[in-house]
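Both complexes below contain chain A, partnered by chain B and then by chain C.
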Partner chain A sequence: MALSFSTTNKFLLNNQQILRSVLILSVRYKQRGHIADHLVEHHRQSALGKLKNGAAVDAFPPKDDTTKDLRTTPHDFKYVYPDFLPNPIPYLRDRILEKLERKDMFRRRQQIDIPEFYVGSILAVTSADPYAPNRRHRFVGICIQRERHGLKHQFTLRNIVDGLGVEISYELYNPTITKIEVLKLERRLDENLAYLRDAPPEYCTFPFDMEPVKLPPGAGVPLNTIQVPITSTHWQYKWERHDLKGILLPSLPRSVRKAAERFGEPWRQWDIMRQYRTEIHDDDKAEIYEDIEKHKEDLAQYRIDSKENVKITRARPKAAGRKAILDNSNRSNMSTSK
Partner chain B sequence: MSNLSTRTLRVTVPHAIRSKITGGGQNARHEKIKAILGELFRHERIEGYIRTHDETRQYAERLIELAKKYGDQHVGTMQLMDYWVNDKDLIHKVFKVYVPRYTNTIGPYTNSYRLPIKYGEFKFPHIPRQNIVLEMKDNPYPRIIPDPRNYSNILTNVLLNEARKEYRTERNNRNEKKDK
Partner chain C sequence: MNRALQTVCTRLFTRPLLNLSSSSILPSTAVGINFIPCAWIRREKLTDQQMRLRYKKLHWHKFYDDKWVQRRGGGWDEKITPENVSFMQEIVYETYANKDSPLKDGPWQRGKFTIDPETIRTGVLGLKLGTLPQWDKRGRKFYVTLVQIIDNHVINYTPPEMINFRTLFTTRPLRRDLHGKVGMLVVGALSCDPRKFTRGYNGLFEQAGVPPKRKLTRFFITPNSAIKPGTPLYATHFRCGDYVDVQARSIDYGFQGVMRRYGFRGGPSDKYGSTKFHRKRGTIGSGRKHKVLPGTRMAGFMGNKLVMMKGLKIWRINTKYNVLYLMGPSVPGPNHGYIRIQDSTLYERKKMFTETNHPPFPTYYPDDNKSKSLDEELFADDIYRFDQPTLTLDDIQVAPLTAPRTAAKTAQKKK
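Coming up: the complex of A and B.
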């Protein structure tokens, strides 16, 4: 299935609008319970500002079988740069807005390196936090989803910190993000890994001091064909209904299986006009791709220019921003008052 | 299948699908579209209710765009063709007749014309419906909207053309005789 870019949560079924509690920093708790007192005390006392050796207490090594399957991703830019694709709904298209947003996205990409990553890759994001020591907050996690279009493009990282599942949604073009590193570049079988919330903790625990995994040069993006078991007693969504390839469901009662088949809508994968309405077509993509290619050339030039190769000769001495303006205004005020 | 993409179709695609072209759910809708597609590909010119046939027109255009772009050796495209075209000889026709016919054109590959609604004839329980003619472009039948400015088939022009040809051959023969 193509990447789901709808703003609505596709796992929420039509008449089940579960009232999700909106939490600051999008920290997600298990729906069933509150945090135990001893765990709250533990958090209060732990020095979370310092980088610890390993994130979680009793951390298990993350399991994967990447060595088995090393498939290459088709290097179509719709997989590499999904943030540049606009919303496919025709009455929400605004070509001028898209062009302007793309310009802003390229300007941001000149400032920091936004790497190529996919759902299932492990990222480390450093963002500016005025309340943290060193004014920086670093979070490591597996990317479970990528949503929205253009400048609003978001990705969510999940990790288990001190036994508590934490998910943080970052906007890719947020200027307070100072660094995005890809510690492990890989793909999974699904485009949305929300099911990791109902999986055993070892499948989404990653140490904060994880070393980046280097791929051989010229290699494709490896596909991790891992099948994550769903072991939680209460599931957040009905995972059996969504045709998820990367999960191992437990044995389900017959009624549940039959309902899942009916929900599956086997005709949907053949309906070419429905798919047509959910995707961006070749002529629009060609235009966007032209812009991206031009941006890459500009980027190469920008990086050369910024490397002391070009000496900038100043016509007048460099003023220190606000101070210069204030001095000028004071001088003019004094002159006018006199 | 959902990673097969084409250009924007040059046919009006409303923002929502017409889901109620027939009763019986989405499977019945697909069956109906397959039936009309089969007729269109076989006869190249069909008449019918605008709601069903306009829907089928979009599918026909998309299938031909996919066939043009990916060709008949592409697994995904062949699977789609196998699903949407019931008669398998029509799949051959799409790749062997329609794709070569439309390789150098971009536009819509089908034309649709509205037929007059016969308001006077009211036969209960039929309600007067807007019917259309759907046809593949460059089909062998005479045009639906005749081109009034093609006068090459009127008798005077035919006779004149023949006379012109005769004059030319005679002149060429005379020139050859002179050269010899």
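Coming up: the complex of A and C.
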């Protein structure tokens, strides 16, 4: 039976949690009352099904076999839009499910601007809270991790408030989130910064009134190569056993170091099958990216339409800005010089 | 049931039934039309509870009935050339394209939705796709299961007079008060190539004029909700905000121990010196009774049996792909598993249907609504649609934590 233990928390070493987090990876061979995955698609697009008087099948024509130009799909779109990539486990994949999920995600993205951010960026999230003053709750923190796929995508922000470490986990598509601002866009050397819990507090303290840091236009996402020292006496997880680049380990006893070598998996960087299993097929990625491009066009149109609805009436003519005055003076100078 | 008894029963029950109206010989204690005048079987009077337990224990693993026609046919290599393969596919397509649909003469006359003699509509056969999160208007998250209804057609209808309930092989025996009053409707899903099946199985679909189906299921309905064979069934057979009962074969976990199967706590780990007692059941005895009681929970095969969930709300319907969004993530079965969906039989939910407010009866016909086109997506009232603006929760009144003090009390305090 392909029961496996959930692998979302890769630092997990607690047996109790392993017992509870059991995930079904594939259907047992003796399971009855289901059909194979390829047959589902076959029936959705079968000509026999469409024959009889509007039978309930996919109204779209089947996917054409022309290979999409994969060069148009940028290879880094999985980092920019990690929530759009579905769970790579084949048992959980379904074309119609993903399509309907993406529709909802695009609709939500029309209502609120969900910016591009990475683990290590500093965000400010404002959510609607009926118990807070002004009915809005604003939290600033560094993004420690981004997990789950699709509408369930979550990100965790960490900050130290009044000497106490606070982590809040937000669902990206929760309708009560009113605003997500990226105060500082940057990346770190690791995908999961849970080690900040065992680091000195100055590494995760960010003032709530922090000013957004503006990057020059056209610049790439800066990489922060900071190495965080781990000074706490008790560590939550055994950081030396995981290949973390962004930490500065203190001097460890020889036995600990030997154990870390045993648990380390240096062959992982050459493990192609593992890489294949964590990613989905390129054709599916191309389909998703097409939808994202279409959404961007729709978004531009939606913004124009919504702006037209809101008419701004000016009582007085707009005062000339600094640029206009300079232009005028320049023009007068030029004319006089000529 | 043991084999001998079964064969005896089939032989007895397939002979023509007595015409009750004409004969006056039979005693007045006869129950409906299915009175079996055979003493040694009548002696076996089992209560409903006992019947349910007996069927639950014995028959859940039986996948077919000997009285059914042989289904699987073909499958051998007929050594057809590639050109002929496509030619055969075209022929198959054309036979069904040219076949006269029984709906040419129009559907059967519609019955009337009645409350007093209760009305039971058909159900629908769907395919479980997976789960998604959704939010309600107060910002609370819940999970929904998507179920797609692909290619459903009504295959056959048997009126109540022709049904013999004693012979019907059911894992969930039907309510006694409905015996003799309900007809049987056979619904099929997922059209297939007839070359996969035997001639007998393909013959079942002659009357309906549809290609043979991969999966068949039966629904017991009142005669006023009979539907003509050949009618397609859609997701709009239900309405948003209605409640449904769902039946499916649960996920197969194989042979599992008592901790996973029943949630027993087991024993301590080796850390506390526990000797050979970590995941065991413990004692099986029960005091002075010198036997193990029937029904004692032990290790065994878990899952892969029919499970019913009642009262699931339909939050959304997608009419383009025929997808229902049902409440909860725990609809039984694996992904891409068959699901039987019917109107809920819960008392409070049945009360919600009245003569004027009821779902499309007997089913949704697209011709009814030709004037106005159907929306692609239908929503229940209290779900948050993603094209609505952000939920600000401004209208939610929050009770203050401390009660406001009266003037007298504050005056006392000042003193």
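Keep this in mind: the second predicted complex is superposed on the first by the 239 of 338 C-alpha atoms of A that agree within 3 Å, B and C clash if a C-alpha of one lies under 4 Å from a C-alpha of the other, contacts with A are read in each partner's own complex, and residues count from 1 in each chain.
Simple rule for what comes next: contacts are C-beta pairs under 8 Å (C-beta built on N, C-alpha and C of every residue); 3 or more make two chains touch, one makes a residue touch a chain.
Model, not experiment: these values are computed from the prediction.
Once the two complexes are overlaid on the shared chain, A:Arg262 sits clear of chain B and of chain C alike. The partner that reaches more residues of chain A, of the two candidates chain B and chain C, is C.
Of the two partner chains placed by the overlay, only chain C lies in contact with A:Asn174; chain B stays clear of it.
Once chain A of one complex is fitted onto chain A of the other, the partner contacts of A:Ile89 are limited to chain B, with no touch recorded for chain C.
When the two complexes are overlaid on their common chain A, residue A:Asp104 makes contact with chain C while staying clear of chain B. In the superposition on chain A, A:Asp282 makes contact with chain B only, while chain C stays out of contact range.
Within the superposed three-chain model, A:Lys214 lies out of touch with both chain B and chain C [touch as defined at top].
Of the two partner chains, neither chain B nor chain C is touched by A:His38. Contacts of A:Ile272 after superposition on the shared chain: chain B is touched, whereas chain C is not. Residues 1, 91 of chain A are contacted both by chain B in one complex and by chain C in the other.
Chain C contributes residues 63, 92-93, 96-97, 101, 103, 127, 129-130, 132-133, 135, 139, 141, 146, 148-153, 190-193, 209-211, 214, 230, 232-235, 248-249, 251-254, 269, 304, 318, 320-323, 333-338, 366, 384-394, 396, 398 to its touches with chain A in the complex. Looking at the complex, you find that chain A touches chain B at residues 1-2, 74, 89-91, 265, 267-277, 279-285. The part of chain B that touches chain A in the complex is made up of residues 1-3, 5-9, 13, 15, 17, 26-27, 30, 55, 58-59, 62-63, 66, 80, 83-84.
By the touch rule above, chain A contacts chain C in their complex via residues 1, 3, 15, 24, 27-28, 30-37, 40, 43-44, 46-49, 51-59, 91-92, 94, 96-97, 99-101, 104-105, 107-108, 110-112, 128-131, 135, 150-152, 171, 173-178.
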